[in-house]
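Naming follows writing order (A, B, C and D), and every chain is counted from residue 1.
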Amino acid sequence: MPDPNPLAPLRQRLLEFAQARDWLQFHSPKNLSCALVVEAGELLEHFQWLTDEESRHLAPAKREAVAAEMADVFIYLVQLSTAMGVDLVQAAQQKIDLNEQRYPAERARGHNRKYDEL
Amino acid sequence: MPDPNPLAPLRQRLLEFAQARDWLQFHSPKNLSCALVVEAGELLEHFQWLTDEESRHLAPAKREAVAAEMADVFIYLVQLSTAMGVDLVQAAQQKIDLNEQRYPAERARGHNRKYDEL
Amino acid sequence: MPDPNPLAPLRQRLLEFAQARDWLQFHSPKNLSCALVVEAGELLEHFQWLTDEESRHLAPAKREAVAAEMADVFIYLVQLSTAMGVDLVQAAQQKIDLNEQRYPAERARGHNRKYDEL
Amino acid sequence: MPDPNPLAPLRQRLLEFAQARDWLQFHSPKNLSCALVVEAGELLEHFQWLTDEESRHLAPAKREAVAAEMADVFIYLVQLSTAMGVDLVQAAQQKIDLNEQRYPAERARGHNRKYDEL
């Protein structure tokens, strides 16, 4: 039987990291959500003046910097999942189930109408 | 040998979802970062007027709504990882390695000084 | 008769600043909205680990840093208002007109129920 | 002598609006910054899947919706300026003074190098 939560090792490591520093006291869902949106902003900062096309072809150093921001977003999201008792992968799978019903492939194909309705 | 990327099944499902709708054309790193920050804002919206303490004790319906927003953030982050060719779990582990050096447990314990320096 | 747009001098100065550097080409509403949300994140960064109460009593240096981030948010908002042809003060007054109807003072008094409905 | 703060009437109206509902208790700088970034995300949502060019030519209904989101961002920014005791226009003018020194027109002309350094 597969591990029910493929992110369990990462969650555990982050929990121990915070516990060793006595930082769980700061990790309310509100604070973690603030931190997540701050990091999401730092991620977007790399792209704010680029065209779509330029954003698809980053120089290696910029790509590394973007990956580091993605890691920060992910870390806060995993810590939030611990604070909330939410299984991220399961929650994502359920959301995709829902989106498959909302946006049938044959009707949604090739235009961004869906996005305007979200 | 364990699967090198525990998120591979989710990545694959999201890729097929987008391909079936011909939506990869919209999934530039810039657009996905925009979408991610928008969803992060929707997540934070649930907490904006709550105290830290209230955010730790959500009613079940609100908790479900928060989990759904976390799923949206995660979905765009995974799609961005595909667009960028970044392994999220590996990037997070490397970032934690770095943070362990930056914030030794014995010095960081119990105050949020670290956070002010970030 | 009073000036219909009290922000006109600031708008004009920002327009000339961008024109002198040939930067209007980058100032699409999409890009300016990205830049605005990035700066809003930098603003929030100062508060992310503070309690509400701590955020009401900042040290002078931190208060200065927060004011500088508020200026950045405002600058992009004013530039966006130029790009969109929107009068910010007028748009705000109209929104307050609407909010006065939505949230009559006698019913909204003293609880944050309104905020949950927004 | 001109009014030292052209936003004073709007600040005053927003202050009275909040006082009449006993909402100032919720208006800590932290909460207002959260609300501001949430609204900035709602603003960006309108543009997230558009090209730069599309964002410059919005249909009238979409333009109205964007203006309403800009108003929300502005309202929270003005309320934050009250909570912090910051004069927004003055802070913006000081920031532009600084940017004129940082990015001399003759060197910054026509490329977005400046943006990458920010």
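Everything below uses one rule, namely that a contact is a pair of C-beta atoms (placed from the backbone, for glycine too) under 8 Å apart; a residue touches a chain by one contact, two chains touch by 3 or more.
Nothing here was measured: the structure is a model prediction, and the numbers come from that model.
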What are the chains that subunit A and subunit D both touch?
-> B, C
Counting C-beta pairs in contact, which comes out ahead: B-C or A-C?
-> A-C
Identify which chain pair among B-D, A-D or A-B reproduces the interface of C-D, meaning that over half of its contact pairs, matched by residue number, are the same.
-> A-B
When the C-alpha atoms of subunit B and subunit C are each averaged to a single point, how far apart are the two points in Å?
-> 26
Centre-of-Cα separation between subunit B and subunit A, whole angstrom | 2
Residues of subunit D engaged with two or more neighbouring chains | 26, 31, 34, 37, 40-41, 44-45, 47-49, 51-52, 112, 115
Complex contact set, residues of subunit D against subunit B = 26, 31, 34-35, 37-38, 40-42, 44-45, 47-49
Per the touch rule above, subunit C residues touching subunit B in the complex are 34, 37, 41, 45, 48-49, 51-52, 112, 115-116
In the complex, subunit B residues that touch subunit A | 6-7, 10, 13-14, 17, 20-23, 26, 28-31, 33-34, 36-37, 40-41, 43-44, 46-47, 50-56, 58, 63, 66-68, 70-75, 77-78, 80-81, 83-84, 86, 88-89, 91-96, 99-100, 103, 105, 108-110, 112, 114-115
